[in-house]
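Same chain, two partners: chain A is paired with chain B first, then with chain C.
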Partner chain A sequence: MYRYDEFDAGFVAERVAQFTDQVERRLAGTLSEDQFKPLRLMNGVYLQLHAYMLRVAIPYGTLSSRQMRCFAHIARTYDKGYGHFTTRQNLQFNWPALKDVPAILRELAAVEMHCIQTSGNCIRNTTADQFAGAAADEIEDPRPYAEIIRQWSSLHPEFSFLPRKFKIALTGAPSDRAAIQVHDIGYQVVKDAMGEVGFAVYVGGGQGRTPLIAHRIREFLPKADLLSYTNSILRVYNLEGRRDNKFKARIKILVHEKGADAIREAVEADFAANHDAGLTLPQGEIDRITAYFTLPDLAARPQVSAAVEARRTSDPAFARFLARNVFPHKVPGHGVLTVSLKPTDGIPGDATAEQMDHLADLAQRYSADELRVSHEQNIVLPHVRLDDLPAIYDSLRANDLAADNVGLVSDIICCPGLDYCALATARSIPIAQAISKRFAEPERTAEIGDLRVKISGCINACGHHHVGHIGILGLDKAGQETYQLTLGGSADERCSIGDITGRGFSAERIVDAVETVVDTYLSHRTGAEESFIDAYRRLGMKPFKEALYVPAA
Partner chain B sequence: MRYFKDGTFADDPFAGAETLSGPDWLERRGSALPSPLVLQLDPGFDVEAIRGLGQERFGNEGLDGVACVKIAFPKFTDGRGYSMGWLLRTRLGYAGEMRAVGDVLYDEMQLMARCGFDGFEIVDEPTLALLRDGRRLETIRRFYQPGLEPEVPAGTRPWARRSA
Partner chain C sequence: MTAIVSANLLATGRVAYLGREGAWVEDIAEATVYSDAAAAEAELAAAQQRGGALGVVEPFVTGYTRADHRTLPEGRPTMALRDAIRAFGPTVGYGRRAEQGD
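This part shows the complex of A and B:
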């Protein structure tokens, strides 16, 4: 894991002092709310429906057990005993008092964490594949590059007042687990014909009210040029992105309106002219930062664990857990374990202080002291021995953390919705809870197989509904919560935006509608090997629409 | 409005001077221009185009003879002026005064300075009060990217800097 040196610690301390002063001036009334708002957003402080919300950055989703324990401590001391893990690998506290925020920032700084640029019209927390550095299918760990971007983007003098927020995601594997094609910039680690490793560059993806898939504007960017090229993209966006309409201000609109070729040309022209010192990365410095992310010393072990096999045959629930929650690790005899934060009737992404402490204990004991947060709002123990899985599973069960539904219909991405958010037009959490209850039967859920359900409580699409295999968008239609259904979206390397089925459904009917879609899939699929998304791509909307909108008899 | 330069309130050396907008300047190039020549560039003005003009018309940089460039921040949240300033300093080699005007607030002044601004026209009363009380811009002294203030490299990271 990356560790702060004196410089990094000093930087965060300066930022905490600066923000503390800004809060004091706001409380004293010498900073107006209009002047303060961008400053507090740039430090992760939102004003929500009922209270301030504080969003903590978990850079590229990697954290230590000590950092997780700090979250638990803050949840207990300054909040209501829980926190919410988000789709951008952040953690949100929903109830802090503004006056306590400086103290919380100092607690976070003590464990090398901060809230810098978790909100606002600036470069946000850089995200990455939650399996980075552990996954068997990876070309190279993208996190050293995410860390370099994190540093470079922090309090950037030129890019702190962009037209709109700006999100960068990286993946090191051909399987895209970081949804890079719906980000402002997506970097995918690739190998060129000579075997040299660099990045394919995607620009202009995004969700919100105008969902657009990113364009690949460069096939291969040498590692050394990562910051220079990013700088050029940001400069073109800062100067040319629309500022006349908040809803047209993201870079995706600029790319869409001007065309990917024009943007590529402008970026390449700036990049060619860019001789800014310090932005070309020397290999020695890449190596120095990469060393922080070295795989822990895991001795290779037998591919098949006798302990796991014995338990698998005797315990069907454990067998399901293995099938859904464990992903192949680079090192034989190990696995990457996803802990689902989606129990039946739970709030997706929420964890109590006790659960956080428990996950920290498990990471310390079984996972080289390391945890990850996924954009699907789950927690990952990246380096576990297969032999330890039975013990970990039992421990998770005892703490209500053993849901065996990773990637299944009940593993729902869900925004906070009208229960918390000032922008929401409908509730989303109760819909997620109702769906999880409808699909609570584990055998049935396993039989349905891979199915990503994503719910947003407004058109801003924080719940990623556009890229859900089944997407649900909550709207306010003349004072009634109405849920629009989309099918066929996907956030992975075969990225697609879902199609709207037709008129929306009431809060009472939406769960039935989801079940109708699932039943239609089950009756049309060629077999269990044809997943929902594959079946939808083969069948199209027609059979689903016919089943959903049966004419009244 | 007060004028702030080099860490102190000062008298504006260009007070009363005629100020040309970017488009006006482009139109009047080649005819008699005011002296000293003071420009005000609004967000959206294409500063990179000046380079072409310079090569075509003046054989050198298009900003030769310009004594002061004011870059407008009509709202402090409109960040185009930062990139405009950065390009004037780094791409066009502009060495004269570069002044931030408009909605200039204390909390943004250090960012402006790091993009090459060396003069400020300030209206906001709380900002003036902080500066009168002796506050200066250097709130942050460690940086993760090269800036245009006096800064020195920090450690092995080529992008890291400290205040000089």
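This part shows the complex of A and C:
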């Protein structure tokens, strides 16, 4: 894992001291709220419905046991004993007092974490495939490049006041687990015809009120040019992006309005003119950063674990857990384990301080001291021995962390919604809970198979509803919570934006509507091998719409 | 419709209401209920004038009748859902359980 150098430690310490002084001045009344608000937002402090919210950046979703324990400690000491993992691989505390934030930031800095650039019109936390560096299907670990982008973009003077926020995501595998095509920039590690490794470059994706899929503006970018090219994209955006209308200020609107070809030309022209301007990455520097992300020393083991096989045949629940939560690792005899934060009736992405401590203990004992946060709001133990899976599973069960539903209908992405968020127009968590209860029967859920349900409590789409196989958007219609349903979205390498089914559903009816969609899929699919999204792409909206909107007799 | 003045406390962020003698109180039951929104706005303006809003953030006026305040989460109060959630906390597990432990 990356460790702060003197520069990182220095700038974080300076910022903590600076913000501590700003908080003191605000509490003493010498700074007004108008003066203070932009300062607190630069440090990840929002004001939500019930309290302040503090958003902590988890760079590319990778953290150590020590960092996870720090989250648990903060949750217990300064909050209400829990935290919320987000779709941007961050952690949010829902109840910190402003007067405690400086102390919290000092605790975070002590474990090499901060909240800088988790808000504001700047380059946000760079996200990555949660299986990076471990997955068997990966070409190369994208995290060294995410770290290089983090270092370059932190407090970058030219890009601290962009037209709007800016989000970059990377994947090192052909299977896109990082939703790169709905990011401002998506980088996908690819090999060219000569076998050289570089990046395919996607620009202009995003969700919110105008969902758009990114355009691939370059097939192959040499690694050395990563920052130079990113710089050119940001320069074009910073100059040409709209500042007259907040809702049209993201780069996706610029790409949409000017066209991908025009943006490509502008970026390539800037890149050609400036790409020797000190941003070309020296191989020595790439190697130095890459060394922090070296695969732990895992000895190859038998591909089949006798302990696992014995338990699998005797314990159906364990067999389901293996089938859904364990992904092939690069090193034989190992697995990448996803711990679902989506128990039946749970709050997607929430973990108690005790669960965080427990996950930290498991990571320390079984996973080379490392954890990941996925954009699907789950936790990953990236390097576990197959032989250890029975013990890990038992331990997870004892801590309400053994949900065997990864990628299934109850593994729901869900924003905090109106229960917490000042922007929300409807609640989202109770809908996620109701769906998880409706589909609590594990055999039925497994029979339904891969199905991504994503719920947002407002048009800003933090819950990724546009790219849910089933998406739900909560709206306020004349004081009543109303839920719009979309079908056919997808966040992976075959990215698509969902289609709206028709008029919305009440809070009481939306779960029935989801079940109707699922039942329609089951009755129309060619077999268990045809997933929901494949069936939807074959069938189109018609049968689902007919089932959902039965005319009154 | 009768109305109240609400805000968040500067130091803690917790929801507060303008109560008796210009004090900010955390329990909506202790909020002063004004005859209408205009009266509440006037009271807020007066509080701001005398420096009585320095300890809060983003004060605003919202409709409220005393009869509303125990109807959430299952009932359908005339109070906006957002105001009701601010008053009584998240309608979902952690928040409420944690509140009870305060």
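Assume the second predicted complex is superposed on the first by the 543 of 553 C-alpha atoms of A that agree within 3 Å, B and C clash if a C-alpha of one lies under 4 Å from a C-alpha of the other, contacts with A are read in each partner's own complex, and residues count from 1 in each chain.
We take it that a residue touches a chain if its C-beta (ideal position, glycine included) is under 8 Å from a C-beta of that chain, and two chains touch if they have at least 3 such contacts.
Predicted model, so just to flag it, every value in this text is computed and none were measured.
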item	value
Contacts of A:H156 with chain B and chain C, given as first, second, both or neither	first
Which superposed partner A:L47 touches (first chain B, second chain C, both, neither)	second
Which of chain B and chain C A:R397 touches, first, second, both or neither	neither
Chain B versus chain C as contact partner of A:A273, first or second or both or neither	first
Partner chain(s) touched by A:I347 [first = chain B, second = chain C, both, neither]	second
First (chain B), second (chain C), both or neither touched by A:L227	first
Contacts of A:R25 with chain B and chain C, given as first, second, both or neither	first
Residues of chain A touched, compared between chain B and chain C (which is higher)	B
Which of chain B and chain C A:A97 touches, first, second, both or neither	second
Chain B/chain C common contact set on chain A	none
Chain B - residues contacting chain A, complex	43, 76-80, 82-84, 86, 90-91, 105, 107-108, 110-112, 114-115, 126, 129, 139-147, 153-161
Touching residues (chain side chain C, partner chain A) in the complex	8, 10-15, 54, 57-58, 80-82, 85-86, 89-95, 98-99, 101-102
Touching residues on chain A, where the partner in the complex is chain B	5, 7, 10-11, 14-15, 17-18, 21-22, 25, 30-31, 35, 38-39, 121, 148, 151-163, 227, 235, 238-239, 243, 273, 276-282, 284-285, 288
Residues of chain A defined as touching chain C within the complex	26-27, 29, 33, 47-52, 80-82, 94-99, 345, 347, 350, 352, 418-420, 427, 429-430, 433, 476, 479, 481
